[in-house]
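In what follows, chain A forms one complex with chain B and a second complex with chain C.
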Partner chain A sequence: MNAFETAAPADGLTRRRGLLVPALILLLVFAALPTLLAGFDRGYFYQIANLALIFVLLSASMHLVTGVAGLLHLGHAAFYGVGAYTAALLTSKLGLGFTVTLPLSGLVAALVAFLVALPTMRLVSIYFAVATLAIGQMLYLVMLNWVDFTKGPNGIIVSKGFELFGFSLSGRLAAYYTVATVVTLSVIAIGRLSHSYYGNALRSIREDDQCADAMGVSTVRLKMEAFTLSAFFAGVAGGLWAHMTGYISPGDFKFSESILILAMVVVGGLGSLPGAVIGALLLILLPEGLRGLGDFRNIMVGLVMFLSILLLPKGLLGEVSALRLVRQQLGAAWRTAGPANGKGEGIGWR
Partner chain B sequence: MFDPYYLQQLAIGLSLGMTYALMAIGFTLIFGVLNVVNFAHGEIYTLGAFAGLVLISATAPPIVAVILGALAIGALAGFSLERIAFKPFRRFTDEASLKSRAMRESTLLSSLAVSIVVREALEIAFGSQMRSVPFEYLINTPVRVGPVILVTGDFIIFGVAAAMLIGLQYLLTRTRIGLAIRAVSNNPLGAKYVGIDTDRTIITTFVVGSMMGAAAGILMGLYYGAVFPAMGFTPGIKAFVAMVMGGLSSIPGAVICALILGISESMATTFVSSGWSDMVAYGFLILTLIFFPNGLFGARRERV
Partner chain C sequence: MKFRLLTLTTLTAAGIAGSAFAADTVKLGYQLPLTGDTAQYGQDFRKAAEIALTEFNAAGKPFKVEIVFEDSRSDAKEGTNIARKFVDDKEIVGVLGDFTSGVSMAAAQVYKDAGMPQLSQTASHPDYTKISKYQFRNIATQAQEGPYNAKWMAAKGFKNVAVIAEQTDWGQSVVSGFSDAVKANGGTVAFSEFFNRGLKDYRSLISKLERAKPDAIYTGFFYEDGAQFLKQLQQLGIKTPVYSTSAAYSPKLIELAGGAAEGVHLTSNFLPTDPSPNVQHFVDEWKKRSDGAVPGQFPAQAYDAVRIMLAAVEKASPNPTREKVRDALAQTRDFPGVTGKTSFSADREAEKELVKVEVKGGAFVPVAD
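Coming up: the complex of A and B.
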């Protein structure tokens, strides 16, 4: 990865700011929100909070493959489903607890992703998107139709809630803390991954895969790793979902959920982890807030997605637009600083 | 040697394949001209079916008028779809941006978003349940042909689809607008340079393709007697598979592959339950993508 060593290291300012914001977020997630939730003490609010956190994880995991590596993934919900089914089946058939099933659900989803990635990762652009769509639909059909194993459309009841080494964590607040801890740790891991030289290598695939290949980046291997890693985190989210709701059915993992997750990443801005998180919160909490609109909430998802593509092509916090902003700012500074060349304009960056 | 049962399944598969072919042509035309995938094509199918249903329940016209009405709605839907989801993203006309990945993916997402909005709007307007077509409009009067029993729908679908295919062939090869469509699909920039109105050609392509999709929708609605907002998704995927198998921009290839797909699906229901038969299309898709990246009938393409 020496080729990326020249990427600008974080200077003192960004490092200090880089500590403040996460600290505030951690404070919000682990102190302020639980206090609020405990204050209201309604199961419904806990459920919304947990759901939003799970979708934050899903959106963040998709950010890795779609935002950073630039691969349009249309079957993400299927890996979420694989994770959920792994947790549910391990619990209902073998009686295993949350401590064991959570890592296993991630690993099984990653394994499935690895196996389907073996033949398909050489595909590019639209072919890749369609292949992931087909894979997602195939996994969904398996969940729906393999009735002996997955109980088909009836779904599975997950009898065990959250627990840690025998301690039950199934109270409302404990469950919230469990979900929040797992999601936060995973999002931090994804953040570290995407802001490392490894992430830069993935970005090079997004920008120009042929060029990256020519520079000695093993694109197929990196794509496969990104795909598998994102499936791992989606599987973890699935495990959380299974133990949180206590009941799963194939309907939770169909194509429209994949699109919902994609919409979160697109709305938030491709390539930006905070964007993915905000996109997830927006698309989960907005429809809940607009519950009065009833049936219109799904239209909202489509409209928000369409308008954000049309009006904010880079999303709320897109990486590329942020870069352009910096360039414009610097260019303007340059211009005012250099009135020497007659027209009052510097060389600029353009 | 040949069980009549298989002949029967073959006939059903052929009519299924014909509707997939009508859908696939729309996909292929649009892909050929713009080099983008139109994810809202399945919703055109649904709109065609609903237009027919509304016409039937409002005025009870003869079946030909129903099909013509669906075609008109399809044309309108194609026109507005192009204006809403594709035109705004064609801001630049130089070659680099016409072929750029960003443009392709943004229209992919915008057509996806439009398809969500249309489907949900239909669900609000008509409810997500299946709506049944009035009995007298169903095209399933049995007709005995030798050892197999066909229904009138098989003939109607075959006839309408064949007529539309021939009409399309005529349009593409014998008329000026067909020449323009082929020119734009061959080289958009070159077509622009020789004075072809590319914008109008693209709109025509959308209108023609969407009319075919809407026709497929109303025919299938009358054939199965059920119309519901999510009905376009599966045929859309199948048609897409047919297009990829046929080699992306080859219309005859797409038609042949759509027929293969329809027949293998109806044959598959013999051996597995109908829930699994969708697996056939996805399996075909993955296999084609891996082993025949140029499609079964496609010319060699540059790497995209």
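Coming up: the complex of A and C.
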């Protein structure tokens, strides 16, 4: 009893300190920022805020696969697209509202991810990256070419905005709060997943998958779970985007979007959730902020990315160096099957 | 080049800002891809808009007009951001652009709610003008061009035709607009397929197409894809006549395809060789700003779109508002542009006069039939 009492103040202090930062962030997202936005009352700022939040969610969801589990994922935007198309098709064909379409966007994206993961999750390193690239392209081409179902390049008009059980949330502030709530809850969930035993098991795959395997970690199953979970959150982001813009077409989910999300995770720092969030904010806000520079803004954005990789190889807040991870991933392609690892090691299959 | 253009815009902008107190200034927005995959089109549109704007401001009108150019990179995210930005700017009374239908339609969702008139020089998606009463376009749709070409080909005796088009919303409308008309005329569509933009190898598509033994091939492509297709058609020794839409009407088609473009038939509503003074004036101004290059169909559409918008602003003045500009745009009848006379129908579609053209001796030559 005594021991507990003496220990309590120290514990309480660290706990309070640990809660301070999240509390400040929540205050910023749900009180300070909306006050500012309402003060300026400019649709442009609301738009940027919502867009940045959606990409925070995309970046955070990719963080789970690429940052924590260390798997180079090159097709994330496709699951974002599957989510958006689910929401758009449910709205345009069945007349369903946001309350129903949002969870379904996530679930359908997760289901698709699970199905495509079944044959591919045994792949390692560069082969995994190539497989995700192929998955991304495949899903993109389905959206583009399955004209009867997805309307192909014609895209879909999503006639319904945000709502909750029939109450419209389409006003500027209400829409912001909707996006902010969904994104915050999702990011908290991703944070809980990555800062837990579960997250550490995923990290063990990143650090040394063979060692993890030998220690009894089921790497294939974990990879599958991480991939599916990350697709779920990407799908939710897609649902938000579909209802926010009111019109989607396959071009919104092409390969370059996957690369943009990957860049967010890398610039922010691989393995760090705050890093992924900051990376997303940076790469959405910077190009908008630099609009005044005209044609040079993209060069400036490229320069910032280049310098951040050059000077901060771990990104802003990362756990691992992006270069190290790439070297580790790509190295496997050139590893020869010598006598020491003659049992198929190096062929990218386990 | 970009440096010069940028300084030019900044200077004009600075000049206008300086004289803002002297004369009234009306602002317009123009969203277009100035960087990215489709930057070549956006850069052309800006050039065309600057020609139109300089003329307008030099004409001694009671007010000056300023155009705010914003780069959308043909990306729906950026397109909607820009739309919000334009809507926020209370001085902007009308918007031009975007280039692709996808971005134009995403931005249109914003303009619809804000009541901002939007005039795109190229958005050809059938549903674009159906979004709201604020969406206009200055391009002949395939619902208009398809039947025109189908009739032309039927008159030439081609009963059995093949259709190929790029896999975009526009390509979809090319195939449906044309095929429906061919069937209505009693012809048959022997083969119909889409290809993805930027395809490098058309040979498998061509051999599949030739197996259907069509009398002629109708194509929906822009000049980059068109040049590739025509060159490979020539390499395979295929002599089937090729017909195309006004979208392929660009001097760059002939430049890139060379001899392979000989004999291609297409429609257009802009002829740089047209001796009428307004066309020649535009072509001269364009040449001055582009090292002697001749403008194609799209820059001409952009030039006319800007002038139609400027005319609407003038009609709506003094004190133009978004609503007044929209109404003025809707009343546009027989606007004498470089792409012929343009009227907006009740559903805000541009009604254009089309001209038949054939590539002969490395140039586009108008033909009677």
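What we mean here is this: the second predicted complex is superposed on the first by the 294 of 350 C-alpha atoms of A that agree within 3 Å, B and C clash if a C-alpha of one lies under 4 Å from a C-alpha of the other, contacts with A are read in each partner's own complex, and residues count from 1 in each chain.
By our rule, contacts are C-beta pairs under 8 Å (C-beta built on N, C-alpha and C of every residue); 3 or more make two chains touch, one makes a residue touch a chain.
As the structure is a prediction and not an experimental result, all values here were calculated from the model.
The superposed arrangement places chain B and chain C in clashing positions on chain A.
In the superposition on chain A, A:Phe255 makes contact with chain B only, not with chain C. Of the two partner chains, chain C is the only one that A:Ile157 touches; chain B does not reach it. By the touch criterion stated above, A:Glu288 is placed in contact with chain C alone, chain B being left untouched.
When the shared chain is aligned, chain B comes close enough to touch A:Val130, but chain C does not. By the touch criterion stated above, A:Asn145 is placed in contact with chain B and with chain C alike.
Of the two partner chains, chain B is the only one that A:Pro119 touches; chain C does not reach it.
Contact with chain C, but none with chain B, is seen for A:Leu51 once the two complexes are overlaid on the shared chain.
By the document's definition of touching, of the two partners only chain C reaches A:Tyr247; chain B does not. Residue by residue along chain A, chain B and chain C are tallied for touches, and B comes out ahead.
Of the two partner chains, chain C is the only one that A:Gly43 touches; chain B does not reach it. When the two complexes are superposed via chain A, 235-243 is the only one of 235-243, 271-279, 307-315 or 325-333 in chain C with C-alpha atoms clashing against chain B. According to the touch criterion, the shared surface of chain A, contacted by chain B in one complex and chain C in the other, consists of residues 144-145, 295, 298. Only residues 42-44, 46-48, 51, 144-145, 147, 152-155, 157, 245-249, 251-252, 287-288, 291, 294-295, 297-298 of chain A touch chain C when the two sit together in their complex.
Chain C makes touch with chain A in their complex at residues 2, 6, 9, 34-36, 69-71, 73-78, 80-81, 84-85, 87-88, 100, 102, 105-106, 108-110, 114, 125-127, 131, 167-172, 194, 196. Interface residues of chain B, counted against chain A in their complex, comprise 37, 85, 88, 101, 104-106, 108-110, 112-117, 120-121, 123-124, 233, 237, 240-241, 244, 273, 275-276, 278-279, 282-283, 285-286, 289-290, 293, 303-304. Chain contact summary for the complex, chain A toward chain B: residues 72, 119-120, 123-127, 129-131, 133-135, 137-138, 141, 144-145, 255-256, 259, 262-263, 266, 295-296, 298-299, 301-303, 305-306, 309-310, 313.
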